[in-house]
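Below, chain A partners chain B and then partners chain C, in two separate complexes.
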Partner chain A sequence: MTTRFARIVWFVFGAAAVFFMLSPLLLLVLFSFGRNSLASFPMRGVTFDWYRALFANQDFWVAFQNSVVVSLSVGVTSVLVGMLAAFAFARMKKRRAGPLLALLTVPLMMPPLVLALALFSAYAALHIPLSVWTVVPGQVVFIQPFVILVVYARMADFDESVIDSARDLGASPMRAFLTVTLPIIRPTVIGAALIAMALSLDEFIITYYTIGGGLTLPTLVWGMLRRSLDPSINALATLILIGTLGATMLAIRATRYRG
Partner chain B sequence: MTASAATAVASRPQADRPPLVRLRGLTKSYGSMVAVKPLDLDIQSGDFYALLGPSGCGKTTLLRMIGGFTEPTAGTVEIDGVDVTRMGPERRPTNMVFQGYGLFPHMTVRQNIAYGLKLAKLPAAEVETRVKEIIGLVRLEQLAERRPDGLSGGQAQRVALARALVMRPRVLLLDEPLAALDLQLRKAMQEELRRIHRSIGGTFVFVTHDQGEAMALANRIAVMDAGACVQEGGPEEIYGAPRTRFISTFIGEANVLPGRRQGGRVTLEAGGSFADAGADEAVVVVVRPEAMALGGNLPQGAVKLTGRLADSVFLGPYVRYRVELPGGGEIILHSQDFALRHRLAVDDTVEVGWTTDVQRVLADR
Partner chain C sequence: MPRNPVVLTLFALPATLIFLLFFLGPFIYFVVMSFWSVSLFRLSRDFTLVNYLDVYREYGYSVAFTFAIALLIAVIATLLAFGFAYLIRFRAGRLGPTLLFVTLITMFGGYLVKIYAWRTILGTTGILNTGLIELGIIDEPVSWLLYNPGAVVATLTHFLLPFAVLPLYGSLRGISDAQLAAARDLGARPLRMLIDIVLPQCQPGILVAFMLTFFIAAGDYVTPRLVGGTATAMAGNFVENQFITALNAPQSSALAVAILAVSAGTVLLLRAVMRRTLAVR
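Up next is the complex of A and B:
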């Protein structure tokens, strides 16, 4: 009986901890549907007004468009470059690949603020005008390592003899890549791309410093917060949350181990 | 050398024709490490050819150079009179069965086998007939729609074989084809490989570290050691007339007795001596266990040693004796004189011996 009691206690404790951590997110989603203009209880009914207000806001559509452009560009760029890098690392001896990987993943360990300031000063020093197109390379620096790590993990235990087999049966190196390597690692690549896009979609600090006058969804939230506590911010944040979670869940599904 | 054991040379009906595979000065080094020393080798059309050696002797590197997967540091590979040294594997008339099989996990057995033919843009009808034919040859009819992860080791092996054979290669290369299989399956696959080689009459070159496998399959064996081919010949020749001490113990069992040649007479450390022309130097005398005789069976003029019978084991077709020599060495001896076994007891002092026509005297380097 004590074990059963212990199990219940652990369950309650775990549930409380999870609830404590997730409750701000739940509240945010909840209030985005509330009739109150301030985030407070009691809620006076359910409404889609805040979403309507958000969709009527011109800035939202500009930011939405920019976010889509940035995430797609970051997703595609970091996957293409990251995949090539991961291939190269996978062919190296582990002893040599290790330190290089560590070097490439330094941006992951640096405070994003430092990275953002560095990028900002670099762009200024090079007289590159800030725009959406300065955000993309900035984010790639930060997000790229995730892709490299994910694809490298897959390539490290990749059976090279399938490539030899394909070559042996008449495939050029390119053809072997397209008909054998890529189909085998496709789930991993798709997963890595989705993770990159999810990270890009809610990236704030680097974007904020390198976008100049433009807006993405996270910088729009920031701007709106400074003016008011409009619940349409909750609506916007809910949409970002859904986008990020959706991409991540798809990524997990895509890269799931299939034995 | 009293090398009269060099008797049978494997039959090579086409030996007068130009070789199908001709390697000249083929070398591979990685930095200062030499994997394959400059090597000449001829493989005739129709050969079932074994590259035999312990692990790390360079045999797989050699096979990969023939297949085009490893670029040689120097030398040339010629197949069918064409210099293919600088060609990638996709342009060579060879196909390979890889040690890990290298099956495409995202394709069915049938798709795996059809892959090469489709790349070659053969008409769909021909692809289908050839795939069907080869699936029949390796007996995979029941498994054609399975994926590789649903196959056992032996089945995967046959798919890899079919996938290479369906291309009708001039030379089929096999890298340790049976190493991953258990003993039972290995015996069955050996028979299978012999059957397939007979029925399609192609040229097979395979790498193995298992001398039994080389003997069982090949009509021609190149023994490799430390990056060099130390002997090349038919199985009988290599077993009967090993050229070095390494080969004599690597291929089958052998007694290796150290001694010295002085003034045309060899004296063994364990006692015993016989006349043998040659330079004054340290030598080893190699005698196969089945060529030794024991006790009253010693023939006239045999080289004789005296020792203590340490062990005798009845093994069915023969009795295996172990005789310890006073100097610390020992002699292994196989005898089919079953009656003798009952007249001998362990710890008896016995005489062992052999006639000089069954021994090989090799310089001890």
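Up next is the complex of A and C:
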């Protein structure tokens, strides 16, 4: 095989893979501005009607508000809790931290449906009424592993001598944390928070089973999908994509993640 | 930073409590439920294995079907992802970071949105059909694109590809260029280098990529429901049906436990096989 031929094959493969990954999402965004009521070719001009229809829908604002409340709560909770745990694991012996880390990561491996039905059954057995506040811990339990893994990875190559210096110069543990540790790990923490919020904003299955009658943006999409062909669903899907992909993009920028 | 064991335990406590209260507790309750039964819509808490017998008798086919389709998706996604990760690491040069960025941003968002996108692409009045008609390639819309196992495979492969690329790229990044250069200088062909150097060192990445894609595919029920059609019900759909429609939580739980066991068994088997075949020689 000549190198030239190999280069062409790799180029075609790469282009096809990127096209496969991006085109479904780009088409969705494109058709949210299309005048046709169905996502189909040819596109008959550009319109903002579907966004207008969506913003006129009372359910959208209810779902939007709930989604904001849930993803902010999940973001803050999982970052606080996950950061503390990551600190603890980074200070422990590897032999002890490893299994604990693996244990807390188990919910990530579970099918969300199993997690959702287990939580639903437990809430029902304990007569806990469902609301957005039953959704939050259900999401935190599978989102906190992401935060723990990301912050733990950062803490593993943290130069501790800078903290010792601060302490030697008379800083209290709290002051050393606030003026030395936190500024160093801030990008990582911000990145982890953004990813946690993106995951929460997008979460559908656990939310659907533990919110009771309420709505979030993904459960609103589900409702619209099941009812009828409502073109404003393209607009809603685009807004969710902007929220989740935007947060992820900012997170990658913040952490300067390189794989 | 505190090193005191008591303080460390306190630090790890909130996350552990959330894990125990909102995962382990409910999960154990859910599994215990699989040994109970329902008669006349009332839960009877006497120990029974009847639900597992029913999984064997009535859902054997759907568990096998789910296993087969999840295996197919995991194999396709892992192979594609390996090619793509290989491209990023060894072939793309300066474009590598951009390709990685594309992979990453599509990873954390749009689960439902992606499934919906595939439905609008593959439908009879969808983007693909109308596009092909517009281009004059076909005259009539083709209806076999949507509501079949193929649509489920396409949709889930699309959703899972980033999850598989990332661990594979992580493994490939660890392979030293010097080792590859040495092999090349000694006259090794690309295929030989792939088999003797790249694949053995990539083993953890392959395993994680396969495990993630297989687990998520085997446990999914939304994709088969939205793009799979009536003939493509996966075990997850029956888990949901038994729970919601038939109000038979114990049966639902037993079926879920069966899928989990099959999935875990598959991954353990794969790990054993890979240890043998990809051992560093």
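Following the convention adopted for this analysis, the second predicted complex is superposed on the first by the 252 of 259 C-alpha atoms of A that agree within 3 Å, B and C clash if a C-alpha of one lies under 4 Å from a C-alpha of the other, contacts with A are read in each partner's own complex, and residues count from 1 in each chain.
What we mean here is this: a contact is a pair of C-beta atoms (placed from the backbone, for glycine too) under 8 Å apart; a residue touches a chain by one contact, two chains touch by 3 or more.
Quantities reported herein were computed from a predicted structural model and do not represent experimental measurements.
Trainee: Looking at the overlay on chain A, is there a clash between chain B and chain C, or do the two fit?
Mentor: Fit.
Trainee: Regarding the shared-chain residue A:Arg91, is it in contact with chain B (first), chain C (second), both, or neither?
Mentor: second
Trainee: For A:Asp159 in the superposed arrangement: first (chain B), second (chain C), both or neither?
Mentor: In the superposed model, A:Asp159 contacts chain B only, not chain C.
Trainee: What angle, in steps of 10 degrees, lies at chain A between chain B and chain C when each chain is taken as its C-alpha centre?
Mentor: Taking chain A as the apex, chain B and chain C sit 100 degrees apart.
Trainee: For A:Pro42, decide between first (touching chain B), second (touching chain C), both and neither.
Mentor: Only chain C is touched by A:Pro42; chain B is not.
Trainee: After superposition on the shared chain, which partner residues are touched by A:Pro111: those of chain B (first), chain C (second), both, or neither?
Mentor: The second partner, chain C, only.
Trainee: If we overlay the two complexes on their shared chain A, which of chain B and chain C does A:Val68 touch? Say first, second, both or neither.
Mentor: Neither: A:Val68 stays clear of chain B and chain C.
Trainee: State whether chain B or chain C is in contact with more residues of chain A in the superposed arrangement.
Mentor: C
Trainee: For A:Ala122 in the superposed arrangement: first (chain B), second (chain C), both or neither?
Mentor: second
Trainee: With the two structures laid over each other on chain A, which partner does A:Pro24 touch: chain B (first), chain C (second), both, or neither?
Mentor: Touch status of A:Pro24: second partner only.
Trainee: Can you report the least C-alpha distance between chain B and chain C in the superposed arrangement, rounded to whole Å?
Mentor: 10 Å.
Trainee: Touching chain B in one complex and chain C in the other: list those residues of chain A.
Mentor: Correct list for chain A: 173, 259.
Trainee: In the complex of these two chains, what residues of chain A are touching chain B?
Mentor: 159, 161-162, 164-173, 175, 179-180, 183-184, 259
Trainee: In the complex of these two chains, what residues of chain A are touching chain C?
Mentor: 7, 10, 13-14, 17-18, 20-22, 24-25, 27-28, 31, 38-42, 80-82, 84-85, 87-89, 91-92, 100, 103-104, 106-107, 109-115, 117-119, 121-122, 125, 137-138, 140-142, 144, 148, 160, 163, 173, 177, 181, 195, 198-199, 201-205, 218, 221-222, 225, 233-234, 237, 240-241, 243-245, 247-249, 252, 257-259
Trainee: Quick one: in the complex, what on chain C touches chain A?
Mentor: The touching residues are 1-3, 8-9, 11-12, 14-16, 18-19, 21-23, 25-27, 29-30, 33, 80, 83-84, 87-88, 91-92, 95, 97, 99-114, 116-118, 120-121, 125-127, 129-131, 133-134, 158, 161-162, 166, 169-170, 173, 211, 215-216, 218-222, 226, 236, 239-240, 243, 249, 252-253, 256, 259-260.
Trainee: For the complex, give me every residue of chain B touching chain A.
Mentor: 67-69, 88-90, 94-96, 98-106, 115-116, 119-120, 149, 160, 163-164, 167
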